[in-house]
Amino acid sequence: MISFDCDYNKGAHPEILKRLIETNYEVQPGYGFDDYTQSAKEKIKEACGGGDIDVEFLVGGTQTNMVVISTLLKDYQGVIAADTGHVSVHESGAIEYSGTKVISIPGTDGKLNPADVKAWVDNFYSDATYEHMVIPGMVYISQPTELGTLYSKAEMESLAEICHERDMLLYVDGARLGYGLMSYEADMTLEDVARIADVFYIGGTKVGALCGEAVVFTGGCKPEFFMTSIKKRGALLAKGRLLGSQFDTLFTDNLYFIIGRHAIDMAEKVKEIIKEKGWDIYLLTPTNQQFVLFDEKQMEEVGEKVGFDRWAPYDESRTVVRFATSWATTEDEIEALRKV
Amino acid sequence: MISFDCDYNKGAHPEILKRLIETNYEVQPGYGFDDYTQSAKEKIKEACGGGDIDVEFLVGGTQTNMVVISTLLKDYQGVIAADTGHVSVHESGAIEYSGTKVISIPGTDGKLNPADVKAWVDNFYSDATYEHMVIPGMVYISQPTELGTLYSKAEMESLAEICHERDMLLYVDGARLGYGLMSYEADMTLEDVARIADVFYIGGTKVGALCGEAVVFTGGCKPEFFMTSIKKRGALLAKGRLLGSQFDTLFTDNLYFIIGRHAIDMAEKVKEIIKEKGWDIYLLTPTNQQFVLFDEKQMEEVGEKVGFDRWAPYDESRTVVRFATSWATTEDEIEALRKV
Amino acid sequence: MISFDCDYNKGAHPEILKRLIETNYEVQPGYGFDDYTQSAKEKIKEACGGGDIDVEFLVGGTQTNMVVISTLLKDYQGVIAADTGHVSVHESGAIEYSGTKVISIPGTDGKLNPADVKAWVDNFYSDATYEHMVIPGMVYISQPTELGTLYSKAEMESLAEICHERDMLLYVDGARLGYGLMSYEADMTLEDVARIADVFYIGGTKVGALCGEAVVFTGGCKPEFFMTSIKKRGALLAKGRLLGSQFDTLFTDNLYFIIGRHAIDMAEKVKEIIKEKGWDIYLLTPTNQQFVLFDEKQMEEVGEKVGFDRWAPYDESRTVVRFATSWATTEDEIEALRKV
Amino acid sequence: MISFDCDYNKGAHPEILKRLIETNYEVQPGYGFDDYTQSAKEKIKEACGGGDIDVEFLVGGTQTNMVVISTLLKDYQGVIAADTGHVSVHESGAIEYSGTKVISIPGTDGKLNPADVKAWVDNFYSDATYEHMVIPGMVYISQPTELGTLYSKAEMESLAEICHERDMLLYVDGARLGYGLMSYEADMTLEDVARIADVFYIGGTKVGALCGEAVVFTGGCKPEFFMTSIKKRGALLAKGRLLGSQFDTLFTDNLYFIIGRHAIDMAEKVKEIIKEKGWDIYLLTPTNQQFVLFDEKQMEEVGEKVGFDRWAPYDESRTVVRFATSWATTEDEIEALRKV
């Protein structure tokens, strides 16, 4: 079936599988000491502009958020996030499981407003009893957000500045970073992200890999004995080559960016189709997710022909539905959508 | 290089990769709701003899131990394990990270002696102040153990009986279960394990998969909202098909057992070679890991030709080294070892 | 100095100290097995109307919230609270430290609106992906709230009904319960609270004790091996008699209620004085805390004569300040306030 | 009844209660900002020889161990303790609840042998895969131990040296430190302990207080935002004066040491009586706990006249029983024991 449900319902980019097969019988040490992991780290480091950068691989997004947040924050600190942020809502309490409070602040279309963050933090420190509260030690944002929106470079820099004034780290969840970087509206490169954020991850799972996320630590902020901390959280892969090989492939010949751009090209066509059809728009975004409002009849009629995601109830008669593209979206699928 | 270092230093059994490629473009829902996961669950259930069995997939061994132990135990309970058990030593404190105490009891060649467990538990409950201690709620064993040894059916049944008398669960870590079941000395089938243990896992990572472990809950002991608890621990894979497809393949046409037997056949040859060469024996086992004592000269000379694992220091002049076979060990490699 | 800062800045009610001295040399077993603890449990049980009630003593409020919430909730559950709730804001992340997410919902003057809770929960279960989120397992309210306001019996019953329809427990934080029960506007007795809530605590620290809170479990919901779970959280007192004796005293001859009424009588006078003086009112409440708005000049002038608490910044020129009464507030102090 | 059961079955030293009463109506800020807490900190600092010392108060021993260990250790570290150590056995898993593994090493009569610790750590770091294990970050000892034995100054210095060579902290659980310091065999002063240990606590609960332990951090090792971390663990007392006042009293006119010496004087008499009576000796110690072996008849006959503690089963016919003295043991009680 033709599906725009999400960006993780097909396998992996064929180059990734090809590479796994080519290297299958090579003997490689476990736990990330293999050659592919080393190579992938170097390539990502270079793509980030080099310098004082450390790269580590983890399996999935929630796991990455939990590992990064709980190893970087101090005992008395918590993390600020938009109320729609993945860590605020959709991680089954993984951050809290690691003992850390998520401080949710209302956002707009998935984005934290720098002024709101500043006001919250200023207010926090103006409270004489703030030591009875969790001390904010990090700001978490997603780029693109869970709603497909993008921070501009100026916004992200502004957040970084607010963070650094208050001894907080800026952490960027890049589960779909490839789609953000290759958006027609993007005004940031990967190097920019590496320069602005203290720590971020380059998502693989939703950008063509079977699994895997690459965490990038800047400014020497990678925790000591990080492998021990990863294993402590059940997150260390014995066959680390599975992650290394995939990211080595994604960062060879710009594959990661090519994948990202393809999904964006397809998403732009989806937006055109949505407009052509006159569907009620909830949110059209510069990345790979588009949101429209369907009534029950539309849900049924369109749903017979193409798959989409029921995002959330909207009002009594309508539902927000999501159309997502990915590395795997084909022109045929776009045509099928056009003919719905 | 020819390597007997461990059973996870090559990729995956070719059938597993083949299947990933064949199904790569199929649209499948995420989080384990895909067809392969469903099919794999059914096949494993059948291989376990059917009945009141639930199967769930996780990514790695330490993660599986942490998820299973921490979701099945009650707040006031801890888990008994051999002092050499993986959970006692080699998980970077993952069980403790989940808030649970591992109560380590001395074992013999990696095995818990049922009489020792009984004595420990009897002594525990004879202490008037036992409510000031962690209440034992589970016994953890590995089959085969970390040292390659095997519990007999009678021993495992005896442990199960002791557990059930004291309201404890018997949990079997089967990271290398395939090698245990297909040992020439095995007196247990997978059905037996499913009948005797309350919960166990069928290891994939070390038995031919890229990653993945299949947890088998018997007697309806699978926790409610288990997926939520998995995600809470950062252990839920978005592309669950990666696990489902691999286990579906492993449990098609007995592949899991064929892999296990192959490694055992190779291990028997390794044992012969060890004896022929007159190497000092530390422990020869009925499964895929053999342990010998090498002095520095042997380490160097043999090490130039084949890979093995430095297991542990033994005495001033000698080191325990491990020779492991796997699904990927070839006759050529055996011959190379013979010619060392 | 005359102080209306808070309700925990003097020692303990003299009867409590008297009793500690009288019983000081009696030999009593530790850990809550002493006669006073047993007697206090019986008296509280009786005051709650008897029936299927268990009483346990803990040392402080945050500790009590953490112990109760984390032992009653299941692994996959979280707790709903008002955004101003003590567990949401002022516990330094203690609930999250125990691995549990606090789901904060906007309240009004410190109170959760039953309709808002119902809407939130209905919306939660209408989301097809709710298993990726923390499942609500409890509603936490404070009676009186952190802002001194009170739930009516009808409101609390309504919350209980919503809870029970959705398999949630209703938990009432009664840090200042005595002041709530003895308010002139109270329409609930302690028996009512015990009938409506699933679990609650009767605050001692802020109602005349040196320390101590009495947790009341109804309907047999006290967790098994609760003492073990208490100790696991570092919350078990060796000399449990310190808690038992204080609550035995508080529940002898209605002392707890007499203390509560005294503070309310004093608070009513404080409200009169506030009105007489024409101070800007932020919130006058039916319990022992009153909130007014002071500018810098008022802060200084009044502050020279009586103590009050700087609650929170209000606008550019004014601050919310709190005047609290307690068991220890004297008529002389009231007169001093009047003369400010 | 005359009781030698334990050192926490009477109330508090009368001076402590007297002081509570005298200061009862004074207005003092909460959370340890009161004058008594400040004064107590200064007095303890002075008693420790001054210098770079920070003092903080907590409520009980298990809580103190949990707070200190979990705030001082890094994410990847664990704590080494004797297998009989309080943290190894009798804390219901509190250290593990805070996410930290206790690495238990066999001790002798409750004491860790420095050579054994050194051998364990050397062996740990000789393992090429040590990053898959919890990294030892602290050595925990009790002075006196749970069995009443004492480390000599040389032994404690030796442990400190081993710790510092391996980047570990030496932590001394002084639940009964007063009895250790005032033992006739003591070769260490409080200043010595403060000089040798990195962190330790001066026990109040078992040395005459109602509750309370004073943690002493040396060399600036007190964690930042420690109050926030205390509250996060539910361990912050609102009326901190309860702890401050007690320790201020204990460290006025040497009361803490006088109490300690009194219990030791009484314990020496108990030892004499044990020898006179020819009771089978399990362990006579230089501190306030003595252990003998009673058969059932002795248990019954002696138990009719004086209380003692059933410590542990010994052999088929005998039980280890404990006779403890305390600040509250009287000459009359000693005489009663003599006449048993």
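A, B, C and D are the chain letters, set down in written order, and residue numbers restart from 1 in every chain.
Please note the rule applied: a residue touches a chain if its C-beta (ideal position, glycine included) is under 8 Å from a C-beta of that chain, and two chains touch if they have at least 3 such contacts.
Since the structure is predicted, the reported quantities are computational estimates derived from the model, not experimental observations.
*Asks:* Compared with subunit C, which chain's mean CA position is the farthest off?
*Replies:* Centre of mass proxy via C-alpha means gives B as farthest from subunit C.
*Asks:* Per the definition at the top, count C-beta pairs in contact and tell me whether A-D or A-B has more.
*Replies:* Pair with the higher count of C-beta contacts: A-B.
*Asks:* Calculate how many whole Å lie between the centre of subunit A and the centre of subunit D, each centre taken as the average of the chain's C-alpha atoms.
*Replies:* Each chain reduced to its C-alpha mean, subunit A and subunit D end up 49 Å apart.
*Asks:* Roughly how far is subunit A from subunit B, going centre to centre by Cα mean, in whole Å?
*Replies:* 33
*Asks:* For subunit C, what residues touch not just one other chain but two or more?
*Replies:* 76, 91-93, 97, 99, 131-134, 228-229, 231-232
*Asks:* Okay, in this complex, where on subunit B does subunit C touch?
*Replies:* Residues 31, 70-71, 74-76, 99, 131-135, 223-225, 227-229, 231-232 of subunit B touch subunit C in their complex.
*Asks:* Sort out for me which residues of subunit B touch subunit A in the complex.
*Replies:* Touching subunit A: residues 1-3, 5-6, 8-12, 14, 17, 20-21, 23-30, 59-67, 91-94, 97, 205-206, 210-211, 228-229, 231-239, 241-242, 307, 328 of subunit B.
*Asks:* Help me check something: in the complex, which residues belonging to subunit D touch subunit B?
*Replies:* Where subunit D meets subunit B, its residues are 76, 78, 89-93, 95-97, 99-102, 104, 123, 126-129, 131-134, 310, 312-313.
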